[in-house]
Amino acid sequence: MLSNTNCGWVDGPEELFDPLQFAVDLEMTDKSSDNGVRDVNSLKNDDRVFISKGLITKANGSSYVELGLTKITCSIYGPHETTTDESYSKCLLDTSIKFSPFSRPKRIDPLRITYENSNEMDDTEEAELCSMLEECLLPCILLHKYPKSQIDIIIDIIQEDNEANLLSAIVLSTTVALIDACIELYDTVVAKSLKIDSNLLTVCYMPNLAQVSSLFFDGELTTNELDKYVDECIKQCHILHKAICKVIIDDLKNKDQESKQTKIA
Amino acid sequence: MPLDTHSELLKSIDINEFYKLCITSTSKRPDSRSYLDCRPLKCLPNILQNSNGSSMIRLGNTRVICSIKCQLAKPSLKSPSCGYIQPLVLLPRTQAYTSFGRRTQIINNNAVLSQTLLDIILKSNMLHLDDLCIEQGKWVWCVSCDLFCINNDGNLLDCCLLAIVHALKQTTLYTVKIDSDTGKPLVYTKEKLKLKLYDEPLCCTMFVYDNELIVDPTLNEEQVATTLIHVVLLKNDQICLLNKTGGTIFPTEKFQQCYGLAKQYIHSQRQILEKANDSKTVE
Amino acid sequence: MSSYYCVPGDRLCPADSARPGPGTYEKQGCIFASIAGSIKLNLSENELGAVSHNKNTSNNEKPIITVVREEHQLAVPTVGLLAYCKITHVSPRFVRCNMFAINNQPLKSICHGMIKREAIDSNNKDTVECSQKFRPDDIVIARIISLGDSNSYLLSTAEPELGVVAARTSTGETLVPVACCKMRCPKTNIIESRKVAKIQNDFIEETER
């Protein structure tokens, strides 16, 4: 019958194969049309934004964001004290982004991605996203208010839909979590990416100050075209900003009403 | 100073004292539940697009996502007709995760929970590993159950088991035939088969405080509790696993009481699961 | 009465009509919100009382604009604030402690603090013995006097109101303060020496309830 020893978690199979690589009825043309259908849907879904906050009880601030089909949680710990000397007058940011094992069509082995005993980043993509996020956030946090401290930003990507949404959703969730954690910000940063012939343009924008906090682009464009696309991004950013404002202010109103009710009671 | 910050302060100074005060003054728990109330439970099926089956469980503030992913693998030499099942729990990475000591502790907790779940799955016979066999000695399915805790507010084992059962119920496998010439598997993605479940083990966690049995502990209560008791019951109310952690001593009659409580609690869990499944099929 | 809410980055008013308070910042001649919350406007007379009447400059007449979030405030260790701490380590030269609340707001994560021998008591600074003033696990109120070095904040209890507020004997009995440097065990009547905080009125109310 069953023998526990050889189906255990410790000694599982040596090699795993994605069943889709042996698929026979999934022809290439079929696949692309399949993708095409999904792209149309996701274009429609792109505008669908769902934001909720405060779901991680231990964290100082947290958020859960759905942008299209991309789902992300973000939690903020701190500001708490650090032991490094360089942070004496300013606050340090420590960001960590991880893809969950089921975030992509192919399973990512979680034993490899989490809790690595070395501090080195084991995934270059995660490292790149971290540095992009930091670049986009650094200009907008009042770092001098938190001397000798460090803010930890921990992000888990539950599901990734398409690249264009990813950074935008990460920035969105971080901003909401930072606001939830009551950390002082210059502005509510939002980011939007546009896909231009398989090249990605990302604009991180501060809507109230009307300033761009960071911009990433790789590919080939004339300056006029770039201007046009950046304007488009900024327009989308304003929509996202409105969504954040609505969620935050509704939440504040609800909490105020609750506290008033308990006072009366 | 206002009362609520006072109780917050007391909580951070001495959690035991805080709990004692709350229980003795109101005979209710800090979240104003009575001893035998459990938190509201919500089950959402199929929330992930990249998995063969998935679920999200919300029990109060605890949230767990379970994703079932089926991959092909070669069977082991010892049991050539058995597939694999690998539950894996990922606890939330908290702030202190950067410091080495805490991180090893988290990994340890992950491994303990994962192993407990594996034991329950195998002992309860909920899944026959022979069913996962495609061709003996050549190809089998490996079912990976990734449990991702978004937030841990206590009672993780109950949530994880609920999530696994709920997700496995949604799970579909592709039809696979073996090419007799090359020995390669041929996967038909259009033809899907439901994974067959033979049983549904569910867990009820209780703890003892001051000789009183209390169900569904939160994270704070797990710290305060002197003894934790896990009871896993099968569909026919038979005990699949019974675990009492150390701490306070305990007369044997009390286990009867635990069993009665667990039966009641798990029955209501099952009803909620059924309902979540039904609403899915109606849609 | 309805209040106005804002999110970080909202422009509140021009800089010449108000002064920025907590939760706001000034930039490009305007005052912006830096946290999400409800907007409050305080007239300086009400807030500062008699002090501002004396030096009635034009600056002081401007109201202070602040943004407050009632249900969630962020406690950051700042010089001059009071901290609740638990003593962890007593050595002849200094005492180490963990701060767990600042100005009655619990911290989400503890901070490490240190009270040097000279900062324990305002009298007889040179003859102070740390072990006669604090024991591990005592709950102490102290003032943050400096951000300290990379390991810990520097604290001081050299004020009558600061010092031990709650302590237990080695057997777990709660000690009762009897003098500024003595605490008594209610069961055994053994006197233990501590740097006791002068009991404040609100603390008495708290214990009597």
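Structural remarks
For reference, chains read A, B and C in written order, and residue numbers begin at 1 within each chain.
Keep this in mind: a contact is a pair of C-beta atoms (placed from the backbone, for glycine too) under 8 Å apart; a residue touches a chain by one contact, two chains touch by 3 or more.
These numbers were taken from a predicted model, which means no experiment stands behind them.
Once CA atoms are averaged chain by chain and compared with the all-protein CA average, the nearest chain turns out to be A. On a Cα centroid basis, the chain most remote from chain C in this structure is B.
Mean C-alpha positions place chain B and chain C at a centre distance of 43 Å. Rounded to whole angstrom, the centroid-to-centroid distance between chain A and chain C, based on C-alpha atoms, equals 36 Å. Computed centre separation for the pair chain A/chain B is 27 angstrom, with centres defined by C-alpha atoms.
Multi-chain contact residues, meaning those touching two or more other chains, occur in chain A at positions 77-78, 80.
Each of the following residues of chain C touches two or more other chains: 109. Counting partners per residue, chain B has 95 as the residues that reach two or more other chains. Chain C meets chain A in the complex at residues 3, 5, 7-11, 23, 25, 27, 32, 34-38, 69-74, 76-77, 108-109, 111-112, 147, 150-151, 153. The touching residues of chain B, when paired with chain C in their complex, are 1, 5-6, 8-9, 11-13, 95. Those residues of chain A whose C-beta lies close enough to touch chain C in the complex are 60, 77-85, 88, 142, 145-149, 179-188, 206-209, 244-245, 248-249, 252-253, 255-256, 259. Listing the residues of chain C that touch chain B in their complex gives 84, 86, 100-101, 104-107, 109, 139, 166, 202, 206. Per the touch definition, chain A reaches chain B in the complex via residues 2-9, 11-20, 22-26, 55-59, 62, 64, 69, 73, 75, 77-78, 80, 94, 96, 98, 100-105, 107, 110-111, 114-115, 117, 119, 152, 154, 156, 158-159, 161.
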